[in-house]
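Here the structure is laid out as structure tokens; the discussion comes afterwards.
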Amino acid sequence: MTELARERIDPTTRIGKSELKNFVIAASGCYNRGAEFGRVTDVSAYGAITLKSVTLQPRLGNGMPRVLPAPAGLLNAIGLQGPGIEHFLAHDAPHLREVQTAVIASVAGFSVAEFAEVAARMDGLPNVVAIELDVSCPNVDREGECFAANPESTADVVRAVKARVRLPVIAKLTPNVTDVKPIARAAESAGADAISLINAVRGMAIDVARSQPWLANVSGGLTGPAIRPIAVLAVWEAAQAVRIPIIGMGGIETGRDALEFVLAGASAVAIGTANFRNPDVAALVADALVDAAAERGLTSVRALVGSANPSFAGERSH
Amino acid sequence: MTELARERIDPTTRIGKSELKNFVIAASGCYNRGAEFGRVTDVSAYGAITLKSVTLQPRLGNGMPRVLPAPAGLLNAIGLQGPGIEHFLAHDAPHLREVQTAVIASVAGFSVAEFAEVAARMDGLPNVVAIELDVSCPNVDREGECFAANPESTADVVRAVKARVRLPVIAKLTPNVTDVKPIARAAESAGADAISLINAVRGMAIDVARSQPWLANVSGGLTGPAIRPIAVLAVWEAAQAVRIPIIGMGGIETGRDALEFVLAGASAVAIGTANFRNPDVAALVADALVDAAAERGLTSVRALVGSANPSFAGERSH
Amino acid sequence: MITRRECVAPGFWCVGFRAPRIAGAVRAAQYVAIDQPGRFAVRLPLGIWTAEGDEITVLFREWGERTAQLAHSDIGTAVDLIGPLGNDFTIPARGARATIVAGGLGVVPFWLLGKRLLAADVQTRVVLGARTAALLVGAAELRALGLNVELCTDDGTAGTRGSVLDALDSEPPADIVYGCGPPNMLRALSKRCVAANMPCEISMEETFGCSMGTCWGCVVPVRRGAKQGSGYPKAHAESRDFDYSRVCFDGTVYAAADLVWSA
Amino acid sequence: MITRRECVAPGFWCVGFRAPRIAGAVRAAQYVAIDQPGRFAVRLPLGIWTAEGDEITVLFREWGERTAQLAHSDIGTAVDLIGPLGNDFTIPARGARATIVAGGLGVVPFWLLGKRLLAADVQTRVVLGARTAALLVGAAELRALGLNVELCTDDGTAGTRGSVLDALDSEPPADIVYGCGPPNMLRALSKRCVAANMPCEISMEETFGCSMGTCWGCVVPVRRGAKQGSGYPKAHAESRDFDYSRVCFDGTVYAAADLVWSA
């Protein structure tokens, strides 16, 4: 094993037919449209940024409080506050061409038809290279279980969206299930070009002073380092179940953390909460992945994918 | 609301027909037989200690490494190392009468018959006031899913054990399911006298230096403060689903943490991992619960149970 | 880097940082977002209390783990600060009369504001209230600036017995009122000023996630059309009509007339 | 309380604590379990390096978060220690000859042991090895006790080139051999001593959970029947026949003959 010069390592990855300049993606909901972060950091360090999920109708979102620090994590229940697709297309979409990296559009919906409708209208926007389906948002009160809790409803959403869009489609799965493998397989069979996981883990806190739930929404989603072991396992298991690329996320703060996901089988990683602590986290993680490849004498970061996972089902680069 | 003197607050609780002198229980697997902790702490501060789960056959357990520190938590995969019921009855059970508090026996098994057999032989041991069924241990490789992932198999185990024992039976549930409520209800319908939750959350870590899973068992169970929001939510939901008492646990380190569980609906709390940091945690938490009742002008800790949970299904003391 | 650390009252701390860029740029009601070693997933937002030379200070209570850790950090510890963040108060014309109303730690934005108002020749009255004397902090520092500070406590243990609002009745109305403090106080102050048609600016607080305007975790309801709102269209399903604004990014200062208290 | 803190080599630290009870009671190969502020769920186990007067020291590398935090804690910081924990080495009769074999930070138990052996008039030879010179620590302190220390490195950057085991060939066998260091070295040392029928005691290391014998997280395989084993009967389903022993509670010191390396 010879150590290769950093410049000779290929840092890129692929999500379906879209190539990203590096492995590191900003997770949905943590980067807005990139405009605010532009003040303190460089969006272009990211291989792609995922937009906050967009719904068909405008949504006010949940009441307050919406967030609470938790041990090594953050509890949130934003409730998909957003402008709705109409307003998004009119006011936000035109700014997408200014974003200094690739964009992944995220879609959330409350029926299969809504997903298909919003996704179709996102298809072909400037800079947008893929569409992620937030079938797993745990914060919004849906009739019955959320889509991603069930293989059939996950597949229904993916199938309906695939019929309407040309861009690669990413199904974003939830860890709040007994077994993530059948759901990942259902997404793949329905035509998903990639899956991403994990979305937030369901949790809550009680305000002991006022003897009531802390969050206005009662329960919320736990994110940050606390959930990393849960996320690594979900990626590990999904990587044994499907051949499509996986975007791994949940608690990544450092290159070492990201490497866990890549070795488990992730073809890209996403970072959410850690942006709040360290606005420069993307560059740090992207560089560390290149270094990890170099140290192992590999010519690409992609060659690391799945290399700790003997039952990795995806394609190996080496 | 008048503040009451601490001495006038009733600190006790009930699990089925058994009364415990306070709300605080040592969680299974974290206290052994109490003999080792005796060196550094006072077992009698606990309302009860739960024994490490006992199986029918002796078990060597998993290979090494078995543990890894995680952000605000601990990953473990012990694999139910243990002497088996025969050796336990001969060598450990006689020491139970020396334990300076009530004892909850824990049973793990790989078939319904095993659970029933081991539980029956635990019934009536000195100091033992209840039998907990570890139907949810996530570390042991079972054929297919673990019992607690499924309402029917949970109910099967509870029913079989109830037919053989006189002591109150506690079904210990796992958070690694899409919805804990039907499983809690199944345990209740099958005759469980109480439920306890949560057992460890499934997770894993990759050793990036050696490019392989850190734990010999690949995956393990995450415990400690990291999982507390997950645990509080599980207790909150179970407390709306069943009327039997709930023992809440997962990441409790302080009185405030314990109070979250009690207000959510727990009639007792258990502490595992926090014993490893603070051997005096039991007294601290038990005292804090009494203080919390006093500050609210209540005459018992029990009057706090479920008071933040409007849909609490259990019996309220007040 | 931490330059000083002082316990100003039981549980209340004043901590100084060497932060030349922030000290040079800061305006009243702005805050810093502090990253701390340890397993905290998000930064701690604290209002900037004083700024002199290369140094800023924060004045805070030991609330939970992050504030406790900061309170017990040694002088010389390196600290990662982002700031100054947030908008600031409107400064009226020379000769105008301003009233500052603060409850407890709501005093924090008013050292910088008081200094600024004095420099702008604004006649400034300061009313500082708290439940009880032990929770009153900051008065000495405001007086040292040359401000006239009236104290009041609910229990009469310091200053006049009664709320800061009672104190407002005692004098003729000001040209502008500034408020910061607990929600109940702010709501009452706000409603009173709006009813009296008196310009009033409020520095709001909410639990923060990102502190940077990206997570939408820190919102307060504002009147639809308020310039600090999201500008998103009304949600069809919502019966109540208001918009949300991010305190961290669009605030923390709001015109009382823009705030919606009933949402 | 932390009494001193010294970077003894890049990434290697020696930190002292005022701990009179532990300093008075400690024997070689014992350790302390350190609780640290911050979001750590379990204590950090570190071997006790020196003990003099009221003070003990630990000698460690910055491995991960807990050791990094300790390395950067200020003198005067209060630290919660449990200890001394674990068993200790056997001390041979006066006049016996002992060889100590340490790899890298495996030197830690041998300051206390060396001191004890000197006091017991045991002729003591110390062989200290590492991959490279930068990883060799502790030699000066052992020499200061009056011990004769031979160094070796795999790459020849300090002392003899070669492994600590090669060094063993150069002299007649001892009455007892003590070993501590990386697993590969310990396995080789252990096998060699067992084959040569030479008494050998090994201080083992595993990742710890509770540090108190209750979680069974830190086990090593030992021969069935070894007194440090669990004593549980053989599991029917298991084809391999060995028992597990808790390093934290039943160790850290094992007779080489009791250890099972192939499990």
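We just call them A, B, C and D in the order they show up, numbering each chain from 1.
Criterion: a residue touches a chain if its C-beta (ideal position, glycine included) is under 8 Å from a C-beta of that chain, and two chains touch if they have at least 3 such contacts.
As the structure is a prediction and not an experimental result, all values here were calculated from the model.
Asker: Suppose each chain is reduced to the average of its Cα coordinates; what separation in Å results between subunit B and subunit C?
Answerer: 45
Asker: Quick one: report the Å distance separating subunit A from subunit C, using the average Cα coordinate of each chain.
Answerer: The computed centroid separation for subunit A versus subunit C comes out at 35 Å.
Asker: Counting only residues that touch at least 2 other chains, which ones in subunit B make the list?
Answerer: Touching at least two other chains: 70-73, 224-226.
Asker: At least two other chains touched by the same residue of subunit C: list those residues.
Answerer: 39-40, in rising order.
Asker: Report the topology of the inter-chain touch graph, choosing from line, ring, star, complete and other.
Answerer: Per interface graph, the chains form a ring.
Asker: Please list, in label order, each pair of chains that touches.
Answerer: A-B, A-C, B-D, C-D
Asker: Which stretch or stretches of subunit D touch subunit B in the complex?
Answerer: 35, 39-43, 64, 66, 82, 206-220, 230-238, 242-244, 249, 263
Asker: Taking the touch rule as given, give the residues of subunit B at its contact with subunit A in the complex, in rising order.
Answerer: Spelled out, the residues of subunit B in touch with subunit A are 70-73, 75, 145, 149, 176-179, 201-208, 211-213, 218-220, 222, 224-230, 232-233, 236, 251, 256, 259-260, 263-264, 292, 307-308.
Asker: If we count contacts the way the header does, which residues on subunit B are in touch with subunit D in the complex?
Answerer: Within the complex, subunit B touches subunit D at residues 29-32, 36-37, 39-40, 52, 57-61, 63-74, 76, 78, 81-84, 86-87, 91, 223-226, 273-279.
Asker: Spell out the residues on subunit C that touch subunit D in their complex, using ranges where they run on.
Answerer: 37-40, 69, 74
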